[in-house]
């Protein structure tokens, strides 16, 4: 069962059991997106607030496996309060990490670093990415001036 | 090369080289049919005359392999001058022989008996049958009162 | 002869494998079955001794290849009680459903007509018809699923009452709920309302597990797939009444399926060749013949008896386990051996991963039944599905993994 | 590295066979090629160790199966210089041609539009478009074939001049005449007249024999088939520009190819998965990967060089033989290694039988090119086609059989 340890690190289980910034019934922020992965039925809503170029509000809610929910939780901690450009940089770091590349900003990724092991489980990579891709999309949506977007497959946005 | 002898019996080659009742440019009989086998490109025209229930005229022409042309030639000898019902019986005898059954009327089939060996070559069975199926169809055409018919695949009529 | 699982297991090479240090426990036969040695040998025989193309060849190898290919038609027809002239080979069951959607439904149904489908269909037996309906302007009506996982036949009777249903498509056995549907009953209901209606059944999950006789079922067409019935990947079939095939247009056109071709048109070959364009799945057909022989040797009745017994054991154990909800019928008399369930407070993906770590292969997800999932109010299930090589030894690792998943994910968390 | 025929022959099990007491001389690779051990081993590996379904599986076997399947996409894309996202797997080349006929042509062309085809096409690259034209009311225009077996490009220029040709379908290499067409030249001609025209090429006879780079050819889509390129039966591909695929509707619908399904409609998955409905040809894809590796190891340039040399030997010998008329181009610079000919006064069927008795496998018939046959004024030809496992030793039995056929059938008979 050694393999499983790489997938279900204690930190991941902790974020899963005690999610940070998870807010059932999101409302009142600047941009909201709904992402889902039809292959496993994961669904995630992400809502963000951007003030003066800084991501100063983020909440999410959804229905998903431990990896997708824990990843969203760890992500929220890592990105909140950062300038939007910096957040997009972290999104890209995380995405590359999920494709097997060594991330350069381990400190900034914080707890999200423990998802490195997930890269070894191809079918779970999409789970770990769900929150991050939704966040990137929410920022795009905000910048376009829309306030909502609905994406049913994060693959194409990856 | 023993196998080949079963296919190309001397009698078959003789009918091929010296066809009986082959008449280039058929005309003036009671019913005419054109049959072709799209798989190998064989084409055969058969024209018959029926008087008082007797097949008293038959000529054919076409473009085909040695088996199909020799079979038509041997057939013409076997059937000419017989009552139509009897001819249809011979057609059925020959058809069954091509599917591996022992024919009961070896004498009446005459030279056509040598085609028995062709049954061992599945792709050539259709060649040997081409003339016989055209003949059966010509009789049907005559009985329906039509004077011509065109069939591009003898399979379905077999 | 009852099924001798230990002996049977030796015929399936993959089952001897260890995964992550554990014995492989394969509980995913509803997705695809394992392949016995005899099937591999039949394909090898073709590739090693008769490798050539079928039809039209005047040399010995080509005759052997043709016999191998056409022999599969005869074998499959025999297995399901059909006329060989009604057997059209496709690449999978999905193509078989599309074939009838293109060849019959799209050419026949239009505005004012209706097609009967059910909420429990696999996407393969639903999307081709919905797609056709959207292009051609006919209506699709759905038989709902009752609480206990059956088709609602009373509602079905209402849906066909106006006589406008000209085509019905439904599954013999549900790949998600396991339900064995009353095929003759529903077929009769459809025909009572409209004697000319065509009844098409998705037999994908039935043929590998039950005795099937399409004549006795009273259906016009029946789809199946090789890879779930011990056969190779890449081959399936539409088994139909030859008279129905005669009324159908081909879907795929090209070589082999024509009688004549000119620059402005083509005439079609005889049934069933009309529907088999291009070089067919020759090795796959040889493998399928061996798969049919394998099933016949086991005996479809014995296969079913084994699954009824083993399925009951699994169902009872899952009913006893903590936090497990089984979907679909609860007794084996009403169902096949594909058992879907939810694990309270644990996402199916996490269940799957915990089981994988124990060498247990199950399927998690929507099982290509999104409309049914929506109906059940869930996103995904865990599905354990059984076949002749499974026995009660496979139960323990499953239960063990489920308990571990509950312990790891369901504790201290509100569902 | 030049081709070492003796060494290569040991990799093809069927070639070791004797037929009717004679050494097997396989001269029918244009119909289907022999399969090397490496391809059989790759399929066995899948069946024996990773037997499971692809995509969505959360267990190890399913991941391995998915890697085997998706690996074939990458391998094939590399071989023909394409983007893996543009590789759609089909059951054969015929399905690939139908896919673009349904997914693009039928959805795009209508009255007033024209489609350019050629008289030398295989039925697979003609009938789907003619069938579409008859349903949709657009016009099909045919590039004629010159006396020396080439496409008449001057006439082609005239045919596209009015700018109404929106789609062109033609073959890279003719399976009957052997002609290697000027693909970039004809593609440019089509696009000069209409920059938005889509150019589809049938590469079935090219990929097994020539270096192919679809980007350099400048085509939008390219059909090929596994069983003629050392791969298994049951798999082919449409290799297309992903941007073109994005504009296409799926032909087959069902599982795997959807994003979401409701009772009233469905949304499609990403390209190329959108075009692959149902369980795919998994073992076949594993085999195709090995076939690609086999071709790459030989080197497409070396394969071509071998065939040019051997083809010249065969052409020269046939030109010298009594009563043989070769169809198509006369120098290997202009053609591939499929050599069609007529034997004066002898029906092709009889030629085939005489050759079969000597263990020589050739194809006789219309080669799925009935319109071309009509153009040539004949019903059928004999076709001997060469590949890497053939050498000059195969010539003698062929010539011997031809002479015997002439002696037996052509003497004492007016043609």
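Order as written gives the chain letters A, B, C and D; numbering starts at 1 within each chain.
The rule we apply is simple: a contact is a pair of C-beta atoms (placed from the backbone, for glycine too) under 8 Å apart; a residue touches a chain by one contact, two chains touch by 3 or more.
Worth saying up front: this structure is predicted, and the values here are computed from it rather than measured.
*Asks:* Given the two chain pairs A-D and A-C, which is bridged by the higher number of C-beta pairs in contact?
*Replies:* Between the chain pairs A-D and A-C, A-C carries more contacts.
*Asks:* Between chain B and chain C, what's the gap in Å when you average each chain's C-alpha atoms?
*Replies:* Roughly 47 Å, centre to centre.
*Asks:* In angstrom, rounded to a whole number, how far apart do the mean CA points of chain A and chain C lie?
*Replies:* About 37 Å separates the centre of chain A from that of chain C.
*Asks:* How many angstrom between the C-alpha centroids of chain B and chain A?
*Replies:* Centres of chain A and chain B (C-alpha means) sit 78 Å apart.
*Asks:* Pull out every residue in chain A that's touching 2 or more other chains.
*Replies:* Expected reply: 38-40, 121, 124.
*Asks:* What positions in chain D touch 2 or more of the other chains?
*Replies:* 20, 56-58, 62, 258, 260, 349, 353, 364-365, 370
*Asks:* Name the touching chain pairs, please: which are they?
*Replies:* A-C, A-D, B-C, B-D, C-D
*Asks:* In the complex of these two chains, what residues of chain C are touching chain A?
*Replies:* 20, 347-350, 353-354, 357-358, 364-366, 370, 373, 378-380, 408-409, 412-413
*Asks:* State the interface residues of chain A toward chain C in the complex, per the touch definition above.
*Replies:* For chain A paired with chain C, touching residues are 1, 3-4, 7-8, 13, 16-17, 38-43, 63-67, 121, 124, 127.
*Asks:* Which residues of chain C touch chain B in the complex?
*Replies:* Spelled out, the residues of chain C in touch with chain B are 55-58, 62-63, 66, 258-260, 267, 269-270.
*Asks:* Provide the residue numbers of chain D that touch chain C in the complex, in ascending order.
*Replies:* Touch list, chain D to chain C: 13-14, 17, 19-20, 24, 26, 28, 31-32, 34-35, 40, 43-44, 47-53, 56-62, 91-95, 97-98, 119, 122-128, 130-131, 134, 140, 142, 225, 227, 232-236, 251-256, 258, 260-266, 277-284, 349, 352-353, 355-356, 360-365, 368, 370-371, 374.
*Asks:* Using the touch definition from the top, list the residues of chain B that touch chain C in their complex.
*Replies:* 38-40, 121-124, 152-153, 155-156
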